[in-house]
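Both complexes below contain chain A, partnered by chain B and then by chain C.
And then the complex of A and B:
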């Protein structure tokens, strides 16, 4: 009924006479500026800033990346030559790409697992009605608002062979490794620095979700004899699964765009152990001046991000139980 | 077309028009009135900038057609990357400093304006005073594409207080005894590290990444990163293996060099010695410790010297290229070259004298200037440089990383470096 009423109302308004006498009339005597047209114009004007912004800063660069990937652009010589699919052939033959993609996958998996697990644990702990939870919430969230580069530079000093972390380990009688120079420890260090930087954001999202879980469900489960772990597994996780999906998408996409941490901490080394795809792209385009190939790597990154997002979105039907 | 389609089409057309107008590398025509000039540099040292601005102000007095001359500092670490990004973004400077490592790329690309005619025609320029060894790197097919405004030898700064504290002889004494060799110097640094807890020898700016600075060590063994023609890898040569084996032992066994992941600063008094260019002497103005500057220690192949260079070029596509070249001629004429010599060793034979350099380097003794600067420039080899240096450099860094671990097999690692870069050298 409500829909029918709305339709009638809109139709009535569309045929209504113009509100002011200044509106132009088309040839048949019908006024051009009908209420419907005015409404449409207002609507378009409202979306125009977003539309223009998206076109200018998202769609146009996306198109240009595709265009550049079909060219070889020698910045110094000022030449821009069409090379067709040559850059894509180079992509398939690139001996470094396998190692780069493996490093990228390792970083993403490590980041997602550490970040989401820690964020969830912190959120559950800080969701208790205990003294001091506000302090700890602020403590864990504060790195999110700190400058990324400043945060990373501080950690660079802490992770040096003679830095603060090894100093602390030394007090405990442990001879710490050279964190940023070992092939295994360098990647682990980058992951942990990134997790500690952003875990607060996911923690807050989880906290909000946890506070939306009805308390009576836990009470009923307790009466039925469910323990803490069962309540968490059977009630908490299903009810906050939409938030888990959201945070996992944000974290996966974010993990593929990590750059400053790598640039400051390891510059992709030792060897190529921390050269993730976006850093490799930066090296190719801006350090080696292979702008065409850099654009091709951008296209690859776009495809990977899009595919992962689609896969996660599709998977929500299987594991998101409580989608609004 | 529906209104949405019209709006989208309009937005797209506007964007495409804007993009087309922005045309990536098309130089805008010169504007009317005084032409401003912009020069990218990697120093932000106040004294350097003051001198540059004074020279620019003097030039503008006699050239009303030139507007403001801006010196645009870019951090050294990302200098070439930032410069090429500016060029790619359609915002190239009119003039730029260029590092020796990227000299082959800039010189061979056609990006720079040949300077010979402008410099030769400039009144009182004395073009033939420029030493051939200084201009060699900046020439292609007989044309000079950049002025070698700084030719700076590497030397060893020594904290004499730390040496005395560790019971070691001063460099002067070592040189007099004929013991200023890598073997002896490594032993001295190992002794300082063991007895004082401070670091020994620091190869400044190396940081286990910028390997080209190690040329200041391996050249003593006669090793080269690649052959003179740039087509054959030199990392697996017996000389390089011997030099790197010595370096590895000095780092991980003798502890004469601080290991990876540590950042001792000589100029803060954290280490006994450092290898760097003489322009760093300015950091010792307020030094609280005794110091000396001496030549690089002799290697198995005898005495040697390594120089770093920087050029100053004009971008051919700059709408103000002719004016910029004229300013460059003024900026580097004999009078201004003598002023610049306070910080940047000049390429002019007539100015490479102890007397000239002493006037502008009050911190250095005549003996230091003679042995380190003048002799260094005379017999020095330039740090490694090659076309596509950035990619080569990154590939070498990644392949060399396994060497910076205790127990590494230097010969195998260096063979791995050549396996990676030989295809890039094009032989």
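And then the complex of A and C:
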């Protein structure tokens, strides 16, 4: 990793860096554009677009979120007034928000648990020595590339009271519920639709990790009389724990960004049962035009994402077997 | 592990795989076949796996009810520009952070990495305000510039950096001795070697832009500016009820081309995504 040490002895015959007019003499015969200076310049130029972008579209808006959250700002009424911590008082007193946070937690936990366990099951199945696993891998992965809203619309269609799912259940003699209109089933539906859409990504990451587990370990364990479940728990899980950590961070943070599925499938209903935080934020800011309160909710979302990431990162020492 | 599996075990595993893949495959099948059913057949009981009468009229209606061709072009050109732009920005930044030493490098990298912690949804309110102030609402600028330079490209930069860090240094040394400068080394030596990582970046950037939903519905207001995800939800009758067969025809046209490309190039897709910096 440290081979980027500069070799100052390399003669200065390299091309000039793109933005300069070539080597310039600096007094006593030593060229001003030494290799080190050129490297610095190229380095800064190369990272400049990303840095400017981060400053303009990440850091500045994040600062503005904080600033706006201190204001009463109704876009329709045209009011923009400094109110200090009032929005935060509102946040604490917001009875809807409690329901929203409970729904968000339920959604995220359900999604992560279901997604990771299904991804692991699929990866283990595909890791068996069977013909045609590449074919099945393609099938399981295919929803990842299906346009998100298209996938959601199909499921909206399938989950109608007289839709395909209940049609199939009806053939089997089961009277299916109105999935998207029942409080419990709506949340379940949104979770399942989202898991099926994206579980292929985690499956592929798990599969790559499983293929990196040395076969000798399994053979040795088998000689010692370890059964399949013991081998899985004592060898597979510890060895792929870095990947489990990575996928759980990606999936938890991703679960807080699920918007289109809810906007299309349930619009947050019935009642507020599927109104997760990001959807509530959208409603407050862009449907009810409370930009100040919307910014306050954004700040809350940011704190939650940051905390979850830090907590999971901290936890790695406890249970991740070894670090890459 | 070396022993052959018993026939019984194999049968069980194949059975399991077949059952498990139904919920992954059936929706796509149902989308395509239902879009070809006449409206009275669409909720028929018992459900039929194929249309009884094939009806292509929904595909005509898609173009009559919305400027769907324009919307398709919008989505496509935005996604392509964002993909190429992100590849360029991420390759350069990733290379510099991995292979060039310059003062302040680590601090700057941390600043960039913050983008991973801040989902773009968090900043949607101020971003909208910025776009509004610049008079760029109902244009495609925010859908192009923000993803290329902002939070969505940070993951791409991170993946490129991970790739370039693992690249053997001797190749670059050789290039330098041969008289190539930094830029030449990057462009002629490092970049061609980075094809697998660039491929992965291209795939997920394209999909991300193609799927974007919150940003378009916040920024865009006229149908001829819409991108596909937003357009798909607009096929409703006078009472706001979805026109299912038309909606499904539009969804099929949105989803199927990418699905076909994926099936043809699935090895690059799957392995590209698995074997880049994302691996734990």
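We take it that the second predicted complex is superposed on the first by the 288 of 324 C-alpha atoms of A that agree within 3 Å, B and C clash if a C-alpha of one lies under 4 Å from a C-alpha of the other, contacts with A are read in each partner's own complex, and residues count from 1 in each chain.
Just so it is clear, a contact is a pair of C-beta atoms (placed from the backbone, for glycine too) under 8 Å apart; a residue touches a chain by one contact, two chains touch by 3 or more.
Since the structure is predicted, the reported quantities are computational estimates derived from the model, not experimental observations.
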Check your understanding: Now for A:267: first (chain B), second (chain C), both, or neither, which partner does it touch?
Key -> first
Review point. Which partner, chain B or chain C, touches the larger number of chain A residues?
Key: C
Review point. What is the contact status of A:150 with respect to chain B (first) and chain C (second): first, second, both, or neither?
Key: second
Practice item. With the two complexes superposed on chain A, say which partner A:291 touches: chain B (first), chain C (second), both, or neither. Key: both
Exercise for review: Would you sort A:280 into first (chain B), second (chain C), both or neither based on which partner it touches?
Suggested key: neither
Exercise for review: Examine A:114 and indicate which partner it touches, taking first as chain B and second as chain C; both and neither are also allowed.
Suggested key: neither
Exercise for review: Examine A:181 and indicate which partner it touches, taking first as chain B and second as chain C; both and neither are also allowed.
Suggested key: first
Review point. Touching A:136, do we find chain B (first), chain C (second), both, or neither?
Key: second
Review point. Taking the superposition as given, does A:51 touch the first partner, chain B, the second, chain C, both, or neither?
Key: both
**Study point:** Intersection of chain A interface sets (partners chain B, chain C)
**Key:** 40, 44, 51-52, 55-56, 60, 64, 160, 162-163, 286, 291
Practice item. State the interface residues of chain B toward chain A in the complex, per the touch definition above. Key: 3-4, 7-8, 11-12, 15, 19, 24-25, 81, 84-85, 87-88, 105-106, 109-111, 208-209, 259-263, 317, 388, 390-391, 394, 397-399, 401-402, 404-405
Practice item. Spell out the residues on chain A that touch chain C in their complex, using ranges where they run on. Key: 1, 3-7, 10, 13-18, 38-40, 42-44, 46-47, 49-62, 64-65, 68, 121-122, 125, 128-130, 132, 134, 136-151, 153-158, 160, 162-164, 167-168, 170-171, 196, 200-201, 204-205, 207-209, 215, 218-219, 222, 240, 242-247, 253, 256-257, 259-260, 263-264, 278, 281-282, 285-286, 291, 294-295, 298, 301-302, 305-306, 309, 324
Point to revise | chain C - residues contacting chain A, complex | key: 1-2, 5, 10, 13-14, 16-17, 20-21, 23-25, 27-28, 30-31, 34, 43, 45-47, 89-90, 92-93, 95-103, 105, 108, 111-112, 114-115, 117-119, 121-130, 145-146, 148-151, 153-154, 157, 165, 169, 173, 176-177, 179-184, 186, 207, 210-211, 213-214, 217-218, 228-230, 232-233, 242, 244, 247-248, 251-252, 254-255, 258-259, 261-263, 266, 269-270, 273-275, 278-280
**Study point:** Touch list for chain A against partner chain B, complex
**Key:** 40, 44, 48, 51-52, 55-56, 60, 64, 73-78, 80, 160-163, 178-181, 267-272, 275, 283, 286-289, 291
